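The following pair of complexes shares a single chain, chain A, combined with chain B in the former and chain C in the latter.
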Partner chain A sequence: MRDFLLHNVSPFPADETANGHGNMQIRALRDGFVFHLLGRSDTDTATVEKTIAAPIADLGGELRQLAPYQWFWVGNATLSQERVAEISAALPSMLALTDQTHGRVRLVVSGPQVRSVLAKGAMIDLADDVFAIGQSVMTQIGHIGAMITRTGDAEFEIMVLRSFAESLWHEIHQMAAEFN
Partner chain B sequence: MTSFRIDGGTSINRDDVRQFSFNGEKLSGFGGDTVASALLANGKQLVGRSFKYHRPRGILTAGAAEPNALLTIGRDGRRDPNTRATMAELFDGLEARSQNCWPNVDFDIGAVNGVLGPILGAGFYYKTFMWPAAFWEKVYEPIIRKAAGLGRASYDPDPGYYEKCWAHCDLLVIGAGAAGLAAALTAGRAGARVIIADEGAQLGGGMRAERSMIDGKPADIFLGDVMGELISLPNVDIKSRTTIFANYDDGVFGGVERVQKHLPEAEINPNRAMERLWRIVAKHTILATGAEERPIVFGGNDRPGVMMAGAMRTYLNAYGVAPGKRVALFANNDQAYDTARDLEERGIEIAAIIDPRTCPDVGYHGSARHIAGAVVRDTAGRKGLKSITVRHDDGRDEVIAVDALAISGGYSPIVHLACHRGARPVWSDDHAGFMPPMDADGLTPVGAVSGVRGIVACFNAGANAACDALVGLGISARPALIGADVAGDHVNDPEAAGAQDTLPVWSVPSARGKAFVDFQNDVTASDINLAMREGYDHVELAKRYTTNGMATDQGKTSNVNAIGILAENKGVSPGDIGTTTFRPFYTPVSFGALVGASKGFEFQPVRKSPLHGWAARNGAKFVETGLWYRSSWFPKGGETFWRDSVDREVLNVRTNVGICDVSTLGKIEIFGADAAEFLNRVYCNAFLKLPVGKARYGLMLREDGFIYDDGTTSCLAENHYFMTTTTALAAGVLTHLEFCAQVLWPELDVRLASATDQWAQMAVAGPKARATLAKIIDDDLGNEAFPFLAAREVSLFGGKLRGRLFRISFSGELAYEIAVPAGYGSCVADAIMEAGKEFDIAPYGTEALGVMRIEKGHVTHAEINGTVTPADLGMGRMVSAKKDDFIGRVMNKREGLLDAARPLLVGIKPKSPSDRFATGSHILNVGADVRLENDQGYVTSTCHSPNLGHTIGLALIKGGPERYGEEVVIWNGLAGTHVTGVICNPAFVDPENEKLHA
Partner chain C sequence: MSSLVKCPHCGLRPREEFTIRGEVPSPRPASDAPANAWFDHVYLRDNPRGEHREYWHHAGGCRRWLVLSRNTITHDISAVVDASTLKAGTKS
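This part shows the complex of A and B:
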């Protein structure tokens, strides 16, 4: 079985260009990594940034706080399990890392009406001057818990538990349908 | 064009002719018409029948408060009952029908109730249908419900899409009349984020009926200019057709936007919502909802042709509809005279102006006959108004022939949204109305809702209020529309200054016949008086006794008059009576909007395992467990009955090997220097010394000593543990652990992460499990290297992938659970199937899983049902006696939980293998009567055991294991069956655990 072919199957439906013709684009991110960092109750963001300064310089990505003393380190590099183990092992005991690359999956919604689309599901104010590029928030889209991150002028990334990916994909398409 | 449609009409477009039907009759109107204005233009004064007496009713208002003209609009799934004709926009092909009449609105059998009027007064039903009591539900209520009632809901599903949205702003302006527009323009020019919402299709509110010149332009042209500027401002969001129906806490308002309800079927975009439910979060709110004109309570005031003066003016000016050919006005205030002035200008004959005030000086210089100090006491006409009877101040009656009567009893500020959070409105004698509680909690009432009258005054009030509100938000603004020059604004008319203001006339004392207070519920002045005489004189009691102010209009035109009548009769101020409680919703909101997109397939999200696609490819039948879809069995080779598949799957696992998706079980990563101590405290059994590379079964208790959840926890490394929970309690257990970590023991260094979705996890079970897995796992799986309860990371496919392997077993077989990153799950499952092919591997589902755990005597939440302790399940020895403390320690030792008579876990089987029994059956001693005191316990789980060939079960029975071998009766009260059973060891298969350690 050593020659067995392994591939990483995305939880998002394959048909990702179906709605790419209109004003709104919805795109699944199939690469990259999501690390869940867990600090002690005296850990602040600055400390975490300092702690992972070297690997983040190497791998890229950004920190998104999801709860007190908890962050996602999200990046677009593709990493081997060995590399993840190395990064994890190198961290001091005040910071634990658990790989959630497969557990939290991401899609990107963009287009001029993106805020109107997301307003159908999220209670967060995503206005240009309120929710800056790079800002993240843990919230809900409809009944699905999600982290929303602004990644561009009219572009937002949505991270969701893998098991909800298909439902979210369907819902976002439904929410965007009137603009396409 | 009909004789009622005259020139003018600022809201309609005469080039856009629209056909519609009313009770099957083909009629036409114009774009911009409401159904009400189109009906009036077609001379349709009679549009419906009243609720109780089935009296002919016409159109009373031109807006949201309409109590009479409730129609059913549309057909099939798009049928909307109880639609106010005054709010429904006319579209081509619209079908409208009258309600509450049979066989038709012109000839309604139910009108016989009108004759019975004298005995159908307030409290009639309460008094009449009291006995026999058993008749109420079966006889009286169905008849009453059939006779009374409004429209009927459609049984067809609504094909429309609905949705719910959020919006955020600095300033929410509710109402787009003069005050609201000035506020929105002020804030919009200052750059604030503004939402201006109005229930009308077109903004303007009362200004749309205005014929004054503003800054030298006709009012509608001026309005158009203001609208143009608002539309040009990107920071202003104009929401027309949007009713703000509720004021919730923290500046959150509920609104409903009728997005496509005004469109013909062919123009409806299926991807756009029919209606949107808005939750608007506002930093500050300007309440510019205006005031509702009050009717006057006099005899026959409900006859079609009687209309609010302001509504008549709206139909005249905005829709070009003449109310009749010969009109009278009955009003107690100055503002109503605008209607007379406009009617006269349009050449409509005014028969008389009747004003109960003795010396009204209103700056009215028209030619109509003016009768001061008089009232209308009665009206006549069968289905439409023919004449009115005027009682002069000298007591003389005069009958005047008219076909329309405009009435105005003063103005009630629309205070609802200011009162939804509990504040009470305040009575003002000056304004003869209940005023909103001023400037409460980020809400500023302006314009007519705060008693301001006239366009200029409303502009000023709105603009200034916006400036003040913005100062509070750190935005500086200059008032817009201040100092507008308005000709014909009677409040600014010097001649009008000092005129006697509104003289409240709560009811006309000389009224003859039925004088209606509440048109929708057929409540008359005498009903209110009766309620008082019978002791229901508190406003809340009077409402419920008479039904005044109930149903779809919630008393918008009736409440204040009812309060006035109560006050007058008690000799107190209306302020002393007070109002009933204001609650959402301001006007009815469709269930479609409240449900939004969450219906049908979208009712709730679906959670899918990373192995869902693999299971589907292998023919799985799925079952919903919470949000999850789990594979329950895998039919093969012509199997059509589920148990054929399940029996085969079970036997295959017991003989060969099977694979099962267990990804949905909750998984929690636990880190921290104190993780072991933490686990030791949340589990009742010992965890402090769990070595690295080992898993342990754990029981979590609740504080009350009962079992909360069970599962295994493995130590993967020093200070790193991995917990599994049952599928249903995954979120609950994590919440519980977070509570323990954050609240109970914040001093412990423990960190918790949900990892359920990260892993695809498969149980591989059966005598050939090791041989199968050995083909893909690089590590040694022998008993020495990987004994029962071993747990550690392993390498797969020659180092291509790393996963976690646990030697644990729910089935009782030699079994492993292998977890790999979710994305690789389906490939790994395929590989296991390939590896196990030579051993006849087959997938098995949750049904087979359930059978095998019952055969093995393993418990689930069927047994852990919130009433059992570890001892009840035979696990009493797991509860540590050595640990200092753990959750549930103290309460688990309660006397009641140590009672020897508690039911204990046993197995149960039928004496005769052909007998079956069901979960939930109760256990009785042989020969005992079916009585509660004879109850010995109950069956918690059952299945057909393919290994034993008969039904088996787990049960909680008094005496428990001491009774192994005893015959009992298994009683099923629902099916009415008694089966003789035998109590036995719950481990039906491999009680010595030889297979586990194979």
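This part shows the complex of A and C:
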């Protein structure tokens, strides 16, 4: 547990409508948590899901694999640092949990043209029948490393390192501008 | 040039997501090997026309080191494996 209290401040602009868009919605997710889980080299997703089944049932969220033996556990609950320490301490030694809530931030892009917007920066196939709802990939938007998760029919969640948040926020508004 | 690389972890990805380190070098010479063997190992790199094995880092994705078997004329990629799957002693 940390010795001092962290005060999380969203890096996204406070006034979300400053760059007003009609057809495309761009929304910052200001609450929630992001945990990084690191497993041993024989750990698979099913094992991790089983291991954290109890806290996941309690806190919600989902597992997103970013690399072999590495996952993000992302949820919308607001957690105290004591609770995070509790969850971390309850994990078996094969898994290491790091709180990344302060380091990685999320935003949601949605709208009928969302694929055309993201295609300007992301180089992966976002087609409806290739990239299913719930699927997530670690990739790049322009030169910014980002995890893209499909959360709905025409809705994607993007998670980036906090220091890139403002730049990405600006970029996505630019990318979406022609559809509004 | 084929710009898609099939990462064993991430699937088809564009070349832009990768950093290329260069050829998979021959095994390290013995510590008492002659100076020219060490010079060869440390400084001299092959630049073959045809099949080549290279280390690629998937910096924009899973951040794993991969070993690509790539044809330098056609850019056809015949195999991509995670570097950790290479056993010690077979990294030639």
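One rule holds for everything that comes next: the second predicted complex is superposed on the first by the 168 of 180 C-alpha atoms of A that agree within 3 Å, B and C clash if a C-alpha of one lies under 4 Å from a C-alpha of the other, contacts with A are read in each partner's own complex, and residues count from 1 in each chain.
Note that a contact is a pair of C-beta atoms (placed from the backbone, for glycine too) under 8 Å apart; a residue touches a chain by one contact, two chains touch by 3 or more.
Keep in mind it's a predicted model, so treat the numbers as computed, not measured.
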Partner chain in contact with A:167 - chain B first, chain C second, else both or neither: first
Partner chain in contact with A:36 - chain B first, chain C second, else both or neither: first
Touched partner set for A:28, first chain B, second chain C, both or neither: neither
Partner chain in contact with A:178 - chain B first, chain C second, else both or neither: first
Superposed model, chain A: greater residue contact from chain B or chain C: B
Which of chain B and chain C A:123 touches, first, second, both or neither: both
Which of chain B and chain C A:63 touches, first, second, both or neither: neither
Contacts of A:137 with chain B and chain C, given as first, second, both or neither: second
Footprint overlap on chain A, comparing chain B with chain C: 41, 123-125
Chain A-touching residues of chain B, taken from the complex the two chains share: 161, 163-168, 193, 269, 271-273, 279, 281, 597-598, 602, 604-610, 613, 628, 669, 671-673, 719-720, 746, 749, 751-759, 775-776, 797-798, 800-802, 821-828, 831, 834-835
Partner chain A, residues of chain C touching it in the complex: 9-10, 12-14, 16-17, 60-64, 82, 84
Chain C-touching residues of chain A, taken from the complex the two chains share: 41, 66-68, 123-125, 137-140, 145
Interfacial residue positions of chain A with respect to chain B in the complex: 1-2, 4-11, 36, 38-41, 69-70, 81, 85, 93, 96, 98-104, 116, 119-120, 122-125, 127, 130, 142-144, 161-168, 170-171, 174-175, 177-178, 180
